[in-house]
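In the two assemblies presented below, chain A is common to both, partnered first by chain B and then by chain C.
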Partner chain A sequence: MEDTHYVVLKKENFDQFISLLAQKQKLVAPVPKGFKSFAFEPVDSASQVALKYIPTVLPLKKYFMPQRETLLEYTAGKGVKAEAVVEYESLTIFGAHTCDLAGIQCLNMVFSERPKDYNYLTRKNKITIIGLECNEYCDEYASCNLVDASFPGGGYDLFLTDLGDYFIVHVNTRAGDEIVASTRSFDKTELSQLDELRKLRDAKRKIFVNEVPIETKHIPELFDRSFRARVWKDLEARCLACGNCTNVCPTCYCFDVRDELDLTLKNGIRYRVWDSCQLEPFAKVAGGFNFRKERSVRQRHRYYRKFRYPVERFARYFCTGCGRCTRTCMADINLKETLNELLKESEDRVWKRWL
Partner chain B sequence: MEKMVIKDSSYKLEKAKILRTKQLTDKEKFFEIALGNGQPLDHEPGQFIMISLLGIGEVPISVASSPAGRDSFDICVRAVGKVTNALHKLKAGDEIGIRGPYGKGFPIRVLQGNDLLIIAGGLGLAPLRSLIHFVLDNRRDFGKVHILLGCKQPGELLFGDELEDWNKRTDLYYACTVDRADPDWAGNVGLITTLIPGVDIEPARTFAAVVGPPVMYNFVIKELLSKGIPERQILLSFERNMKCGNGKCGRCQIQNLYCCQDGPVFNYEKIKNLSEAM
Partner chain C sequence: MKKPKVAFFDFACCEGCQLQVANMGETVLDVLGLIEVVEWREVMSEKWGKKVDVAVVEGSITDPHAVKRIKKIRKRAGAVIAYGSCATIGGVNGMKNNFPLEDIKHYVYGDSHRFFPTEQTKAVHQVVPVDYFVHGCPVYIPEFVAVLKAALQGIPYYPPDYPVCVECKLNENVCMYDRGVSCLGPVTRAGCNSWCINNGNICYGCRGMVSNPNEKGAQDVIAKYKIPMELVLNKMNMYNKCRELD
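So, the complex of A and B:
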């Protein structure tokens, strides 16, 4: 830890800091939305911001990959008169937890893989990210330690850790430096404050342990053994195929592309909109054949897209342990429970082979 | 929210003009198309393009002509959905939008110098026609060439004139079968798998290229394996729903592979253990 990369934001300067950020450009932060619910929304003062919050209903992907986004604008009729467009917005995000930072890192990898998606990348470059550390678990649904997302691992410009009377702030980028310089809300760190941060992280290592009894690096092997597990059949009976789990997932990015004409039928747009592999027609082809007809197969696909397939392509898990899929599921399908059952079934099979 | 035009968007369209159309069957129509910028499409046999009708939508369609045709390319479209039905209404001179070509086609550099067993079921002939024309254009570069064709009934046979020509040629072996004959049909009757045992091939130097409806693959592959063709020399092209062509939208995913980028042509060895493939 080089102390030059850390500054201190005293709590008494927090109001001023948030107000100054909001004056610079649109600022969004977690705000309370009723019983155990939070959402990232525009704010202009610190009083609106929830510093202690459980993961918001929708993750930060709504800013990076809006639910609905125009790709083409055109004039209908004879001839092809179309222009490719990108919609973007200069934005500062305040208060992103490490799970959500990990989610954005995943999306960044997907959309920068060739062929690159310049709609996403253009928008991403207009967004400043300020992270906020979780000193303890948000609730029992989180499994962030399992996927290495419980400690900061980059993906932010500034990262705040609440240490009582002050935040210690990691400055990670030049954009972060500029915020520190322009808002003038920060003080130099003292060695004792860096010590406090070290103590907090040590304490966190005792609190945050793998939420499912498996070593992180062994998850792909578990999934290699589990493609034909009974667990998927159990999910078949429970899943309602509503697509809530994928909508709220910070790393689910599947989409549909649709055309829409305006009321004059003269001008139209082509737009993309979030879609879900959990919905029945998702993998259906024109002739009517459905390549993922059963809910069990679709649920399995979702889990493999989090824990197995991206390991080969991007060398990381696409589950960030945020727990949103579990919190939102109307059928109480619980990610930690599914992983536990897969583990149990896998172990049972090993024992049976020995006996 | 601000908006600007971007030139490097993956969704940007090339203008293209329909030069010629021909109704091939009740459901299938042929289109010859030229890019508006005068450039060749520069595709490989087995690749596909995204065809756009503004205000209606976009669909992935295989290219059905040889890359040797530099001024235009062909597609063969079955009217099954919103976009393809609208496409059928278009005539010569009409303009459409194009993106692509996308995906990995048949590995023609690997195929050269080997024998070919080309197996087309129904509309699977469209992408294979691209390979067949390429092979015929460069006939000297290949060994023995077999073409096996199957479809439900005689009225569904595509490219009739060309089939007659293939049948007459002495430099290729051609056979065709229908599932159900009609009174005028004098040819083979039966599933396409019935044609495979009769072909005379040297399995070690034969590459099979198979395209057809999803139901066809398992049966055909079984026959090819029993002929002794090595798994890695069986090439399959898959049909999937696709929205982007860029390996992002997720619809064409076969476990860890994206049909639009990693395929649509795969060798059997690579995908045989993927339960979602066939």
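So, the complex of A and C:
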């Protein structure tokens, strides 16, 4: 901890800090929406910001891969002319929890694969991220420890930890350094304050334990055994295929690309919009055949896309434990429960083989 | 290029969807740059009566006269766009089908009912083939424009076949069920950009149901939130009664 760069933001300077950030460029932060819901929205003063919040309705991906984004402008007809378009704006995100930071790290890997997605990468480079530590669980739906996302693991410019009268701030990048220098809201760290941070992290290690009784590294094996599990059939009856679980997921990045002509029927744009593997038309192809007609198969696909497939491709889980999919599901499809049931079922089978 | 001829027709409806189109603001100029409107009772006096490239039909089919008229319109139209819930799913007129026709006739027309033959309410596609659907009560103008463009290009338009929840979630609304209010969003076809919920109202299901709804699952959800099934069925029948005739 000593050799890295820490500063202190006193609570009395917090208002000023937020105002200065908002003056610099567009600032977004978690804002209460009522009914235990929060959303990242533009703010210009500290009074709007919720420092204690449960994961927002939509994750940060809405800033990194907008719901609708123009990729190309073209003129149709003879001698088609087309020009690539990249839409971006300078943006500061304040208050990202570690689960959401992990989500952005996942998306960064996906969109950096070749062929690189310059729309995403250009936009990402214009976004400054200020993280905020969870000192305790947000609610019973989170499973961040299971996927190693309950402690800061990079992916931010500044990272704030609330220690009562002050925040201790980890400065992680040059952009973070510049914010510290330009806002002049920060003080030097005293050793006792670093001690406090260490104490908090120790306390957190006692609070945050794997939310499902399995060692993190054993999850892929569990999924290797579970492709034909009964659990998926159970989900068939419950899932409404509303797509909420994927839309609110910080790492679901599937999109659809569409063309649209304007009213001259000559000039058009090509744009992409969010799509979801849970929706009826997602795997429907020409001729009307649907590769994933059953909702159980779609739900299974979603779980494998979080816990199995990305392990092979990106060497990390694409679940960040934020709990959004469970919180949003009207049919009470619960990620922790599903994993527990998979475990139980798989253990039953192992025992049967032994007996 | 000669502009395609487009005619607007109405059957049993409030003509509110036509009003939506007439009120679309600046876009109407661009639309008029693209088409020639030859018949439209609500906004012009001229009649055309001959072949048209696109017929835009509002309202549901509720009596023998309407059946004849829509068949004629179908014959002289290249493509038929059904627009508005009354035309695409029967809409609120479908509530008529909750009662025996005889009762309805007596209730509405009293002793003169024999002068007013009537039938069960039907959506337009339940009487003649329809090429394009613009769902909604009223229609959502951006979708109407998209469908019109598709019709003029001769390409298909697929209304979204997923629930309103998708768009509602993208708009980051607080879920109506979290507010303790029942909402038909989870089983209703999207495409309206969750218009009503964005403005604090619930979804009434005016765009019809998704093609493959999980009805059992939806019932479980309704039970979980302790909403009386009767209430939900009533809400469902407000717009979707004609679904039984599909």
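Note that the second predicted complex is superposed on the first by the 353 of 355 C-alpha atoms of A that agree within 3 Å, B and C clash if a C-alpha of one lies under 4 Å from a C-alpha of the other, contacts with A are read in each partner's own complex, and residues count from 1 in each chain.
By definition in this document, contacts are C-beta pairs under 8 Å (C-beta built on N, C-alpha and C of every residue); 3 or more make two chains touch, one makes a residue touch a chain.
Everything numeric here is computed off the predicted structure, so don't read it as measured data.
A.B. asks: Would you sort A:Ile214 into first (chain B), second (chain C), both or neither based on which partner it touches?
C.D. replies: neither
A.B. asks: As a test of reading the superposition: which chain, chain B or chain C, is in touch with more residues of chain A?
C.D. replies: Greater contact footprint in residues on chain A: B.
A.B. asks: Just checking: does A:Ala331 make contact with chain B only, chain C only, both, or neither of them? Give me first, second, both or neither.
C.D. replies: Second partner only, chain C.
A.B. asks: In the superposed arrangement, does A:Ser37 touch chain B (first), chain C (second), both or neither?
C.D. replies: It touches chain C, and chain B stays clear.
A.B. asks: When the two structures are overlaid on chain A, which partner does A:Tyr88 contact: first (chain B), second (chain C), both, or neither?
C.D. replies: first
A.B. asks: Touch test for A:Arg238: chain B only (first), chain C only (second), both, or neither?
C.D. replies: So A:Arg238 only meets chain C here.
A.B. asks: Please work out whether A:Phe227 is in contact with chain B alone, chain C alone, both, or neither, and reply first, second, both or neither.
C.D. replies: A:Phe227: touches chain B, not chain C.
A.B. asks: Thinking of the overlay built on chain A, is A:Leu261 touched by chain B (first), by chain C (second), by both, or by neither?
C.D. replies: Touch status of A:Leu261: both partners.
A.B. asks: Quick check for you: in the superposed arrangement, does A:Glu280 touch first (chain B), second (chain C), both or neither?
C.D. replies: second
A.B. asks: Where on chain A do chain B and chain C both make contact?
C.D. replies: 261, 265.
A.B. asks: Going by the contact rule at the top, pick out the chain B residues touching chain A in the complex.
C.D. replies: Chain B reaches chain A through residues 1-13, 15-16, 36, 52, 54-59, 78, 80-81, 84, 94-97, 213-215, 239-241, 243-244, 246-251, 253-256, 275-276.
A.B. asks: Chain C touches which residues of chain A in the complex?
C.D. replies: Counting only chain A, the residues touching chain C are 33-37, 39, 56-58, 62, 67, 237-244, 247-248, 260-265, 274, 276, 279-281, 295, 328, 330-332.
A.B. asks: Taking the touch rule as given, give the residues of chain A at its contact with chain B in the complex, in rising order.
C.D. replies: Within the complex, chain A touches chain B at residues 70-72, 74-76, 78-80, 82-89, 110-111, 113, 115-119, 122, 227, 253-259, 261, 265, 268, 270, 272, 275, 277, 282-287, 289, 291-292, 297, 301, 304-305, 308-309, 312-313.
A.B. asks: Please output the residues of chain C touching chain A within their complex, sorted ascending.
C.D. replies: 27, 30-31, 33-34, 145-146, 149, 152-153, 158, 160-163, 165-166, 169-170, 172-175, 177-179, 185-187, 210-214, 216-218, 220-221, 224
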